[in-house]
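The data blocks that follow each hold one structure.
Both of the next two complexes hold chain A, though its partner changes from chain B to chain C.
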Partner chain A sequence: MNNFNPLIHSFPYLLRGAGMTVLMAATAAIPATVLGVVLALLQVFGNRILRASVIAYLLLVRGIPLLVLLTFAYYLLPLTGIDLPPFWGVVLVIACYYAAFMSEVFRAGILSLPQAQWDAARGLGMTRPLMLKIVILPQALRLAAPPYVSLCVSLVKATSLVSIVGLWELTMASREVVERTLAPFQVFIGAGAIYFCICYALALYGRHLERRVLHGH
Partner chain B sequence: MADISSDASSTAIDVRPLARRPMLEISGVSKSFGATQVLCDVSLSVAPGEVVVVIGPSGSGKTTLLRCINLLEDYEEGTITVDGAPIGYRRRGSERIRMSERDIAAARATIGMVFQSFNLFPHMTVLRNIAAAPVRVKGAPRETAEARARELLAMVGLSDKAAEHPARLSGGQQQRVAIARALAMDPKIMLFDEVTSALDPELVGEVLAAMQQLAQGGMTMVVVTHEMSFARDIADRIVFIDGGVIVEQGKPDEILFAPRTNRVRAFLKRYNDRYRI
Partner chain C sequence: MPFDLNFLARLLPALLEGAEVTVELAVLTIAICLVWGFVVALAQATRGPLGWLAGGYIQIVRNTPLLIQMYLVYFGFSMGGFGLSGFASGLLALCMQNGGYVAEIYRGGLQSVSPRQYEAGRALGMRRWTLYTTVVLPQVIARIIPPMTNQSISIIKDTSQVAAIAVMEIMKISEVWVETSANTYDVFLGAALIYLALTSAASLAGRLCERRFTFAQ
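Up next is the complex of A and B:
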């Protein structure tokens, strides 16, 4: 067990890295979700120009690896004169990237609601914004919850890429520890276990939501 | 009746004396789905408190007619008014002008509609299903709306279900909640589209009873149904529609027992053969 001493000694450091990972993921997930809902609504209800723009955006973003986008933004942002702290730049890129996937999940949720729900809401004299707010979105988001949680799991793991552009989080912390201790296997087993625990907890929550969706409310 | 439609076409708001003004007036409505014409120049006028039952073969346009009344379905020609107020289209001279979405929504709030498949909101409790629109559409205070919702639930015999979600109710119970939900908006007219067709036979009676009670209370109703004995009981007038046109209309006993046209006779014969009445 002596072999695991480097891991045990550096574990608190790794946990602080994990804290940063969770903070970054959560900070990115919130605007990603909001933007995802907006893009979904634009795609379902927007006029032709809006719909085409959204579709072009989705195609573009989903066709490029996140790592390429992060690196690109890393070089591009300073040139545009936008003075964004690296943390926020990275959060912005991850949010824009995941919004594209989330919007598809939300759109599927909206479209899978039966026409009858719209008819009932319209028949009661609801305007479209009101229908969306109290009838359509509450149901669509519930339907979308399980795949949405999968995307959040993927988002958490994707934050490991930001160490490439020099941001400190769990993966970066692990690499630092490896440089000091020269114990890559032990340290990365520890880092992997931490990632797994975060993602497994999220996935369990997703399963719980799925059961709630399947068995009514 | 011919002068009435030209009357209505000259002004947006009907100013005839109340007693003579129909609660629902459908004038010259035509509707196509693509190349198939589903309603051909349909005109129908329903007096306040009158119960009109619409019968006809499947695919004849009954559902489409009801859906046109509250503009769930758009139509190419004609106009419809409820209590003198246009729903969807106004006439200005010979011009037909579509109302704004906001005005259309407001107009729809005056029409109650009950669907074959109930269409309750599954994520809301029964009480919220009924009180949501009065609060959010009409701006009623929540307490008032919920008190009224409980009254309506009592009326349809479901006082103990206020806190349930629709999925926990039987079809007959869900349909009675749907009726209460429509009534909560204090509609001027109620539309029923085969509201018992999706129900197990033993649950039909409770829904028909609720409608019967409503009719006795003086509600103006347009009812599409295949329940002929119910139609006979509840209808002031039966309208037979086939191929998107009104073929025949009259008192229930005239239509059901002494139809003037072969199409109605053939329809009733098919119906009686099937149900052996």
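Up next is the complex of A and C:
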């Protein structure tokens, strides 16, 4: 039990898995953020039909577990003729899933801006795209930054699910090591520690941003 | 063939059996976390090593994936000689992780009550018990219901991860059905609909609680 040799020997392998985890999370976070902003803008400024379809999308995605979406994408995507490499398949699913949560965060940021900001921008004769670009979005995104970062932490943790559909990253790497060494306790603690380092660093950054938002205005 | 009604008629009872396990797991997790999270929140509010320990616990469980915690409990404990069933390991891991989130929700609720409320109560000559039960707790409860509802929805979705340790709930049963029947569309439809029904029921229950416990503030 107390023998941590298996963990020490396999640590470089786990670190390579962690590299894959970070790569996957970062690759998914970018389209998730873009889609999240677009969904938030559609929900705030769109006409009734657009708004209703965004709300339906949010309800659907937020009511179904990510694991269900991942598993069925694994079975369904090949059937529908979309021939993506597995990495891009799971990145796509994770991005679509997290975009729903991010859009809520961005929407809250946009709606929490005081009315005076809108009035002032309109009073200066700005067109709506210009107003969004230089007045609304910069402030809204700053307000949304702390909850956005905690969503990113959640996204990093969620990448562990792709090991269930057979992709290789930190969780899969640790399972492989466990199968070889039969030391689940030590190896999973090691994998957990690596996840903790990644996520805690992000969380600390989020807290730093939060302090800046609270005291910056 | 998609939308095969005969198939759906056979699939549904099997999925509902899984839904029973999912609901059991989710309800137990929510009930235990309501208590455990409160204990952790109180411990975190104290000064000294206990508060430090509770804070560390919260950071660790929130910054590591549920899946790793489940593997650690399921495989690690059995290696240590006190193996738990898949259901018990899943429950333990779910409570461990969500207890940390629920503790943070309680903390936020307690902090949101202004010190003036305590002062006013004391100035009216209230005993500590009366102060807490009639002034502080009603306000805390009203404020924590929306985040608790979100957490419950997230718990329901998280239960799908116990499929990875071979508990026969909705996710695992639908995987088995996909592999034996190759009717992926219908199984996906069934599983997604059941999860949607469960999460919608939770959010409806949350809204009812909100109406019952909120008052003009």
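In this text, the second predicted complex is superposed on the first by the 214 of 217 C-alpha atoms of A that agree within 3 Å, B and C clash if a C-alpha of one lies under 4 Å from a C-alpha of the other, contacts with A are read in each partner's own complex, and residues count from 1 in each chain.
Quick note on the criterion: a contact is a pair of C-beta atoms (placed from the backbone, for glycine too) under 8 Å apart; a residue touches a chain by one contact, two chains touch by 3 or more.
Everything quoted here is computed from the prediction, not taken from an experiment.
K.L.:
Quick check for you: in the superposed arrangement, does A:A203 touch first (chain B), second (chain C), both or neither?
P.N.:
Only chain C; A:A203 stays clear of chain B.
K.L.:
Contacts for A:E179 in the overlay, against chain B (first) and chain C (second): which applies, first, second, both or neither?
P.N.:
Neither partner.
K.L.:
Please indicate which partner A:T127 is in contact with in the superposed arrangement: first for chain B, second for chain C, both, or neither.
P.N.:
The first partner, chain B, only.
K.L.:
Counting touched residues of chain A, say whether chain B or chain C comes out ahead.
P.N.:
For chain A, the partner with the higher number of touched residues is C.
K.L.:
Is A:Q139 touching the first partner chain B, the second partner chain C, both, or neither of them?
P.N.:
first
K.L.:
Where on chain C does chain A make contact in their complex?
P.N.:
Result: residues 59-60, 62-69, 71-72, 75-76, 79-80, 153, 157-161, 163-164, 171, 174-175, 178, 184-185, 188, 191-192, 195-196, 199-200 of chain C touch chain A.
K.L.:
For a test of understanding, state which residues of chain B touch chain A in their complex under the given definition.
P.N.:
Result: residues 67, 70, 72, 101-102, 105-113, 115, 117, 119-123, 132-133, 136-138, 165, 167-168, 181-182, 185 of chain B touch chain A.
K.L.:
Which of the residues in chain A end up touching chain C in this complex?
P.N.:
Residues in contact with chain C: 1, 59-60, 62-68, 71-72, 75-76, 79, 153, 157-158, 160-161, 163-164, 171, 174-175, 178, 182-185, 188-189, 191-192, 195-196, 199-200, 203.
K.L.:
Please output the residues of chain A touching chain B within their complex, sorted ascending.
P.N.:
These residues of chain A touch chain B: 116-117, 119-128, 130, 134-135, 138-139, 142, 216-217.
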